[in-house]
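Some structures are shown below for you to check.
After this come two complexes, each holding subunit A, first together with subunit B and then together with subunit C.
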Partner chain A sequence: MPAAIRNLRNNPHFLFARLPNLLSFICVVVGVVWLLLLPLNEYSRQTYISENALLPGQVHAYFTGSEQNIFRGYKRELEGLLNDGQARGGQKDEAEVTAAVSDKLQSILQAAGLKVATQKYEYTSAGITHQGENTYAIIHAPRGDATEAIVLVAPWITADDKLNLNGVTLALTLARYFKRWSLWSKDIIFLITPDSKSGTQAWIDAYHDMHPASVQPLPLKSGALQGALVIEYPLDHRFQSLHIVYDGVNGQLPNLDLFNTAVAIAGGQMGIGANLQEMWGHDDSYEHRLQTMFRGMTKQGLGYATGAHSSFMPYHIDAITLQTKGEGWEDEMALGRTIESLCRSLNNLLEHLHQSFFFYLLMQSNRFVSIGTYLPSAMLIAGNFTIMAIALWMRTGYYPESKPSAKPMNEKGSAEEKAKTDGIAERHLALPLSLVVGLHLLGLVPLWVFNNIFHQYFTTTTYIFVVVDIILPLFLAAILSNGLGLSNPIIPQQYHLIKSFSLLLLGLSLSTLATLNFSLSFMIGLLCAPLSFVARLQGSAPFRLATSSLGLVLLNLVSPPTVLLGVCWYMGISVETVLTQAAFGWDIWGMWTQVVVWCVWWPAWLIGCVLLWSSMF
Partner chain B sequence: MALLFRFLQAFAVLLLVSTVATEHTSNWAVLVSTSRFWFNYRHLANVLSLYRTVKRLGIPDSQIILMLPDDMACNPRNAFPGTVYSNADRAVDLYGDNIEVDYRGYEVTVENFIRLLTDRLDEDVPRSKRLGSDAGSNVLVYMTGHGGDQFLKFQDAEEIGAWDLADAFGQMWEKKRYHELLFMIDTCQANTMYTHFYSPNIVATGSSEIDQSSYSHHADNDVGVAVIDRWTYYVLEFLETQVTSVTSKLNLGDLFDSYDESKIHSQPGVRWDLFPGGEQEGRLRTVVDFFGNVQNVEVENANATEPGSLKEDLAEIARLVEKWQKRDEEYSAILGNSAGNVTEDLPSSSLHLKLKSTVGTTKMAEDGSWGKRLVGIYVVGACAAIWVAGSILGRSSV
Partner chain C sequence: MSVDRRKIAVFGAAFMLRLLLTCLFPSLPDLLTGRVEVSTPVNSFKRLQEGLFLYTRNVSPYDGGVFHQAPLLLPLFALLPDAKSWPLPTAIFYFLVDLLNAYALVTISASGQSVKSRLHSAVRKHVRWDGVSVAAWFLFNPLTIATCLARATSVFTTSGILFAVSNAVGGNSINAMLALGFASYLSLYPALLFIPLVLVCYDRRSEGPNPPNVGSFIARHAALLLASVAGLLGLSCLITGNFWEFVSATYGFHLLVPDLTPNVGLWWYFFIEMFDSFREFFLGVFWLHLASYVGGLTTRFRRQPLFIITALLGVFAIFKPYPSISDASLFFALLPLYRHLFPLMRYTFFAGSAILYSSLLGPAFYHLWIYAGSGNANFFYAITLVWSLGLSILLADTVFAALRDEWEQEHPERVGTEVRQV
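Moving on to the complex of A and B:
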């Protein structure tokens, strides 16, 4: 063993150049393999209810029989008003926001004995104005103190842009039905929003007095919100199974207990199957588990709101959406009973949901991995950058064999000579540091541009940025190599330092991000993995030219704008839609994905390109 | 009729013999639930069921210490406000209208429990919160809640250890606070709680072995929670169906033999070794020795003969009775001799009653009315003179 260490110390090329590359590569490979192992039975776990107070499915749900007549009555009334709106011109979407519908909602809720209020809001994002009016009503707990509340949300338009007539009607029927129970320990709030994107956000912001000026404050409030359920029943026939959507903004998730309770009640008590992540025919095989996990990771990584429930998550309110799917024999009463039973479970809560996991990856409705198991995967990938950065830093301080390209300075000649004989080189930090910091600050420009221009210019701007991504590194490389306007030409050590600082920042950011949004960190880490192995090439001119141009082509394929275009092309969505959604997320939901893309990924990518371009000079 | 009478006589003799054999003079029950929160409804129902049973068998509220950390009847989640049931048939409302909770809410703490057992309470603590047992008392201690290996959780903040409990009982014995003690506990790993007991005359029984959970029996789908634990359910079933009155002859052996592991789903345990005579003697103690009530009077120094002792008093009373009887006989003999002159022989006291004078109404006298009027005029005149003089003097001084 000592002999091996001595050999290693006597072989600096291996220690500083080969070994880090090897280690980094192993880290990336192990990180990916780790993730692929997670769906196996040995690494994932069966879900379980952690919170004793929930007692899912222990109560009999009585929402049946005559309540169905009430449901039909309400539905007919609303349908009539919606048809009127449609007849007067305008599309289905336009019909909902008519004052007549809103008045009808209020009068129904008032007649059921609830306190009713409305809230108008208006948002502008990427040149598009979103406005609407929320209607909500509160059942005060007859024997409880008004310190806690549960929210039931029924958006007029579902997350899939369908009219949610049955869902809204069900909410109204449940409001009337719940009002007659005396066993609520928490207030119950019924919220009818015009859409699934902005309505709940406006309402929840105003509930916590965090709303912008364009959103009205709430005239009526209750206690701290303990949980929220979103009802979506856009079908006009009986359904087969429930689809539970749980992803929040920025990859935040509700407490796993809430999801488990919903699965336990739907599956165990009501006999309705529960699906997740649009996996309809889940056969519990490895492939399906992996696919479910990847779908979950994609949503988490992109960080957008997947339904009306997502807006609750930033306020630490656990929320899920229940969507009806498929053609089967379950009717609105079955959905109503499921929600009744879920509300009874939430009603049993004594404290905020906290027992179970907030960081998890689900791969089946009853299987998950927790953060302790999956985190090493993203950490290893983030760690590969840090390993490389540290190795480069050590290498820049250790130059026994190479002759520095710069001539020894006359003033410090003796000192440098001494340093060189010891194998220690002085580091020139100013240029690398300012370049890396400058490029990271430059990331603010695309961040601002993509969140503030009008939506019709998004596609053009993306193409412009593809071109900028080619020109900007070339320009920077030319300046650095030829010393245009610079007094001292750059030395190889400084290229290493530039790369070291860039990777160090990348590794730091990604490992921090991994604890907050694992999937985003993993995705960015994987896309940035080539940057660890990109450096300024040395050797004969034809070799350098050939290799670096190949490298540049490949690197440009994984640049942020190219990846965006590629994904949009593959998914068949227009770039404009994606970017409008992203800008909407940034402006209204408080989505941070763009910051990671433009201020972490993009600068690191630019520096990789600069290094490759510079080997051409 | 005569046969029935003889039978009753024999029964009474038997009863007398049995009570003499156990030699205890009072019964006390300490019934403790240690967990709060709605989802622990069953623990409170356990305790209330037992409370109802011991009351039925005659222990009065003043001799029952009931500790309930939470109020399930008034919980807003309770679909049946004001009631607690231990069965989904909801036949018996355990909360009812006659219930005395001695320690409630946050008063149910380890400290209060140990102070109660060992009587280390302030002077101003009311009698209802004291365990007034003495060397002649049979004490039933029933506990239920969430526990583990050698501990039982109290509410959410603290726990009592097996040693704490053993020491508390040890001190009770030293302070002559029990004659015999039956300890019952229904919690997970319950049998570990009595492993450290060292004071004599204790029979202990628990619901489950170490590393075993104690399970709930069934849930009520309208209340929405489990309403009773298995072990308690079957103990109660025995008590309610077999021990129907205070005269029941069923003994502890019968109770413990009724444990059915296939029903309880855990292994209940019994500890006899602290009891004098061990299992053989212990088994003979009747169930009502602990669950029922006796009020035998223990007579101190029954055989002493010095002045003031009971024997002497009894002898004196006998002498007095004899004396009065003799006088009575003499008196009746006199009556028989002179039936004619009864009035003459009447005691003098009865004559006084007749001579008592009555006080009637009196007429107001009208004498000297003019004299009184003159005095009145004179007084008014004097007052007027003083007033006039005072006003003149006051004016001149100003």
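Moving on to the complex of A and C:
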């Protein structure tokens, strides 16, 4: 056995060509297996409340009885206004109805004794204009000094595009109810937004004076926001359980304590079940845990706003959405009591939520894995590229490029001697460096195109990019191989260097990304994994031709536009919808998933294709 | 003729690239100006603007404790149109300074002092890049571009140092001392380069017919340096009126390190963590540590004074109280002069990867700490450690290669043999 190892150590072909492939492959496999192990009891943990000040469910919630009459009254008034608009159809236009409803909201909040203000906003993205008017009101803390505040948000349209009449009414009722309590030590802000996508973003941007010109500034403000709860009750019947949505923009998550508090209050104090990630019949089995985790990772990886709460996250304000689901026995009063109890818990906070985790994967409402446990899986996948890059670098310096198999020993010896004069072979860096840097800069073109054209053209452009992805690498490979415009033609070493630099950058970006958005890094890492093993082929012409065409077909199946088309086809969504949403995210939410796709994934993929094409020449 | 065309192409392309970046991404300069990696309290353009505002309104620029840069910059920038409403003239001024620095590099490279000086001649003289490649390496370095776009005032210190060196290798020792005086006046630490620089001048002079006496040569140049600094200080005194106020706000600030805003260096975290009673002691230790490299490197590399300057610039980029990426870019600018040492270096790829990793992870961790709130100061500090580690490996490797080169020159029969650490 030691002899065999010594033999391998002295075999340069094994050291420089075989071993790195093997190591990279092991890294990818271990990375994936690691992720699959996480749902097991040995690797995940029971959730717990870290911040003692929260004391979830330790107070009695008094929101009952006569408040229900108030709720019904408010609901009827709002319903009347909305139905009035619908009934008269053509005669009263939408703007008038909106204005009437807004007036009604303001008068109700004012009558309850709150300070009320409104904010108009308008956004344009991909040729579509989004506009609306936020209404908000502030309860000044009887026991506070207006330096801290909690936000309760009720959007008129929920994240699932349903009318949230009960939610808005509940917010109004709670405003009247909370105003009469003297125990608040933080201001409470009630925010009614027209939709879940842009309204909260406009409001929170303006709250921090970071709004664009098309958004009005806020006339009325309070202190630093400590937390935000979004109420969604779009049903017109009693509900069964609460669905807690927690993903933020760019995969940022709220402090785990907030989620745990909501679960503890809903489940423990109120006896309402809490679900997450649309897993209704969760039986705590391995499969369901894994599925929950994957759903969470998909949302985190895509980085879009999953509800009105998502916009709060970039400002370091922890926020969740409470959605009512199913048909059961819980009424709006139960939801109101849950929110009351949550507000009391947040009211107890002495400092910003910071005790618990910000990086976690949830697999059941009471089970999670923290970053220390799951991060290695994405890091291993990113590490496989770095290993390959280092190996290729070593190979270009220490292992003279020669036909690996059936080599006469003396020729190899002489080549090595020639390289020995300076210890290592001279590397020609200029061309590989400029090609890799140039292609990464080229990624800015599709990034700009997909964020700035009108939404009608998205589908066409995607198909154009599928074609470009076939032609561009062929074109580059032809230039490289024939030395068009270059004084000296490319040598095999430079192909290795191109791949080395490209993979180095990929590994670099993905490991950085893993600390910011684990899921995105993991997904892109998996999609790019074939690139580690793609290289310029050598051998007889028919073999090269056959293998490289097969490789190209496979590689084109995992190109960014093809993956997009494939996923859209599988999910049954139109490409235009997805890209419009993406452009909206880029323009309004500050989402940067596209940057990763076009400036990290796409260039690395292109270089893989160039290497394969070049083996045809 | 063709060389000239290449030079024009490189300089023109560098200028156009900067102009393009400024025009295509108008918010980029301001973004970079705010980054802690680029702007430190002693070179920040924002703080310069603040000082300029006070200065143009006849208030002492050092009131309010924001501005800590040399006062002579103020009348200079007062001549340029307001950077807020007319950003382009200031930007172009900085582009030109960058091009001038590159020009100084071309001169240094053309003199060939890095491969063959009076006492030393490298073994691999033929392995070298010409001046234009060295200039291109400097001009297209992302760190240089970031510094230039962020309009950090450290580019003027860079010019002072590079012109001091280029005059010294050209044999013009008086101009060299004047330039070094300018650099030292701006940021104090270049004064530590005096000894190696005067050695470069001395070696150049000694190549001539009648070599001067070492002692008197050094004394005369020291006097010249002091005179140039004194002249600049006198001018500054005329501008600010209050000599002690400006000295304590600028040089006192450099020496006592009161502002612990995070930067890419190693000092801020140490001094945040430290109990106040130990502060003076460790300030002394840190400065002594920084200065001690001058003696050691000068003794060991007496035969290659230009290399001492390069190595010292690397040391400054790591151990200065307020380092920024512009200091690293100056070190990287001089490295290609030692292209003949590259084959002897052993860890370039790893050092390069460490530097690349830290330059991506640094901003990410800073974001997690300051904006997302999900990280803390240790995240960013860990990355500045990696950054310094990468630079240290690179520096140590360069020093190793230079030593090996000297050794190979002494033992021509042993060229190419493996070294073994004992």
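Note that the second predicted complex is superposed on the first by the 575 of 617 C-alpha atoms of A that agree within 3 Å, B and C clash if a C-alpha of one lies under 4 Å from a C-alpha of the other, contacts with A are read in each partner's own complex, and residues count from 1 in each chain.
Following the convention adopted for this analysis, a residue touches a chain if its C-beta (ideal position, glycine included) is under 8 Å from a C-beta of that chain, and two chains touch if they have at least 3 such contacts.
Note that the structure is a prediction, hence the values are computed from the model and not measured.
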Three-chain arrangement built on subunit A, subunit B and subunit C clash or fit: fit
First, second, both or neither for A:69, with subunit B first and subunit C second: neither
Touched partner set for A:390, first subunit B, second subunit C, both or neither: second
Which superposed partner A:482 touches (first subunit B, second subunit C, both, neither): neither
Residues of subunit A touched, compared between subunit B and subunit C (which is higher): C
Touched partner set for A:124, first subunit B, second subunit C, both or neither: neither
Partner chain(s) touched by A:141 [first = subunit B, second = subunit C, both, neither]: first
Vertex subunit A angle, Cα centres of subunit C and subunit B, expressed to the nearest 10 degrees: 80
Contacts of A:110 with subunit B and subunit C, given as first, second, both or neither: neither
First, second, both or neither for A:515, with subunit B first and subunit C second: second
Touching partner for A:316 - first (subunit B), second (subunit C), both, neither: second
Subunit B versus subunit C as contact partner of A:41, first or second or both or neither: neither
Superposition-derived minimum Cα distance between subunit C and subunit B (Å): 16
Those residues of subunit A which subunit B touches in one complex and subunit C touches in the other: none
Subunit A contact footprint on subunit B (complex, rising order): 37-39, 74-79, 81, 219, 221-222, 224-226
Touching residues (chain side subunit C, partner subunit A) in the complex: 124, 343-344, 349, 353, 356-357, 360-361, 364-365, 367-368, 371-374, 416
List of subunit A residues in touch with subunit C within their complex: 252, 314, 316, 352, 354, 358-359, 386, 390, 393, 420-424, 426, 504, 508-509, 511-513, 515-516
Residue ranges of subunit A in contact with subunit B within the complex: 52-53, 55, 58-60, 141-144, 181-185, 344, 347-348, 350
